[in-house]
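Notes follow once the structure below has been shown.
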Amino acid sequence: MKKLLIISTGGTFNKIYNPKNGMLEIDKDATALKELASKWLCEFELITIINKDSLEMTNQDRLELLGTINQADYKHIIVVHGTDTMDVTAEYLAEGELDKCIVLTGAMVPYSIDPVEATANLASTYGYLQALEEDGVYIAMNGMIGDYKIIKKDREEGRFTL
Amino acid sequence: MKKLLIISTGGTFNKIYNPKNGMLEIDKDATALKELASKWLCEFELITIINKDSLEMTNQDRLELLGTINQADYKHIIVVHGTDTMDVTAEYLAEGELDKCIVLTGAMVPYSIDPVEATANLASTYGYLQALEEDGVYIAMNGMIGDYKIIKKDREEGRFTL
Amino acid sequence: MKKLLIISTGGTFNKIYNPKNGMLEIDKDATALKELASKWLCEFELITIINKDSLEMTNQDRLELLGTINQADYKHIIVVHGTDTMDVTAEYLAEGELDKCIVLTGAMVPYSIDPVEATANLASTYGYLQALEEDGVYIAMNGMIGDYKIIKKDREEGRFTL
Amino acid sequence: MKKLLIISTGGTFNKIYNPKNGMLEIDKDATALKELASKWLCEFELITIINKDSLEMTNQDRLELLGTINQADYKHIIVVHGTDTMDVTAEYLAEGELDKCIVLTGAMVPYSIDPVEATANLASTYGYLQALEEDGVYIAMNGMIGDYKIIKKDREEGRFTL
């Protein structure tokens, strides 16, 4: 198996409910992601950075992400990201022209509320990376997987489409 | 996206609890698989055949599976199969030398009891097939994905390994 | 079985995640509550009123609740209510001095996120009402069940205690 | 709160899936029951005895249960029992004419497969016992709660009725 780096940047995937204030909050330890990946996928390294909703992500944050990927000792990278600006970040990373295979994924609903969607997204990303041979920046959401330029979020439907 | 044929042959993946007799039984409609795939993966056709635990599968059954794949109008095939003889069936299919990409997957625990494992297996199979370029027979279980000859079930651990 | 009136006033119990805006919102149809009660409890009538977080509930709302209970053709009433001002509403209802058995319950975490807590609260309320012989206003949360004056929310712990 | 003794005798409630043999087996530690009760109900003592499907329960087993209840330092007892002979055991216990409040409950589907039904049964039993004033032997299943002589299992429907 290819060994992977998973970079969790925040977004919906790892949000958990805080009963004391009634809010969904980003779990900065990415516990759900970590358990899911270590139980059902292969060896990987996980780091968490930025930890924001993707609507709040700045180009400064994207530069941090690009730098992290560039310096990482891995060729195959999964970026867990909020869905609203996943395309913006993908384009930013593509302009970096790294010799790496980078796939962005995330979730429309937190793993803590619906583990199936988040698992389907992460695992299809993982499988895709295992067979992928061409460097590039890709998006994988609800079964739509491919070059970041062809996968778009349909805000009306709450899904990604070609 | 590549359009897929999913062939459900039985096994643990689709078992459901029957409260009247207290037994886990194979759901011949593969309802869980159908809902999962249609909600979170792309277009596919699903057929159910054989519907047995893999310990009860005969070479007659394997011939039926091989024939079904051979005649199918699809190049990319997911076979959902019980885990105990997944390797035997994979070898049988490989001897058929079809010009197809065939990935066998399944579940150690029914989707109705733990949806996460079954979803991780199916979705990683799906992602793998989307990027796969070489014909062959593959196995994908708990993150171990590759040529059927290198993925083995560790009965002690209840997991697949290299 | 005693036939019950269940009044859903909002609060956390029936909140569901809206993937389009990333917020938890009160389900005004109380779908989770309705399914739970009709599947696992006995005959009941369910009405939904007010539909607010309990921090936003006014004495005008409480008057509406009291009036609804007073006019209802039921002696045994379950009030599903947010936890933050459950005690205030209970006291308000008690001052109404109705010849009824009223039990307030709710959930710290939405049923859609953790069905077990919400189910435990509703079902213990239901069982209590079936055996209860004395009119009054009661609270039932996380196993603490009794006269509203003796059950308090411990905001530090996020639980109700004596 | 009344402090309770919970006696787990086996049955469906605590069954868990064994991935190595594909069978549902009685968890002799009653882990699910223990976690549920300690998280969402009040103080209790839990003991596990017999640990059989109720179809295999003998009068010798019932004598052991009766003796355990008789010697226990508790007046309020929850007996978790398989559903098929719950009525037989209830009658056996009633003939013991103990000065205790005993409620039998269980589950049609294991907690590990559907936690909602099992939780609803246990929690409604708990609530009922908290308000109950009259000694006797009772059954509480899917919202039907009362003297053991009036609650019957409808095997066709897979539910208990009056």
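As written, the chain order gives the labels A, B, C and D, with residue 1 at the start of each chain.
The definition used in the following text is that a residue touches a chain if its C-beta (ideal position, glycine included) is under 8 Å from a C-beta of that chain, and two chains touch if they have at least 3 such contacts.
Please read these numbers as outputs of a predicted model, since none were measured by experiment.
Common neighbours of chain C and chain D under the contact definition above are absent.
Chain A and chain B, compared by their mean Cα positions, are separated by 27 Å.
Mean C-alpha position of chain A lies 39 Å from that of chain C. For the pair chain A and chain D, the distance between C-alpha centroids works out to 46 Å. Under the contact definition stated at the top, not a single residue of chain D touches 2 or more other chains. Pairs of chains meeting the touch criterion: A-B, A-C, B-D, C-D.
Interface residues of chain B, counted against chain D in their complex, comprise 12, 17, 19-20, 22, 24, 53, 108-110, 112-113, 155, 158. Across the complex, chain C is touched by residues 1, 36, 39-42, 115-117, 119-133, 140, 142-146, 162 of chain D.
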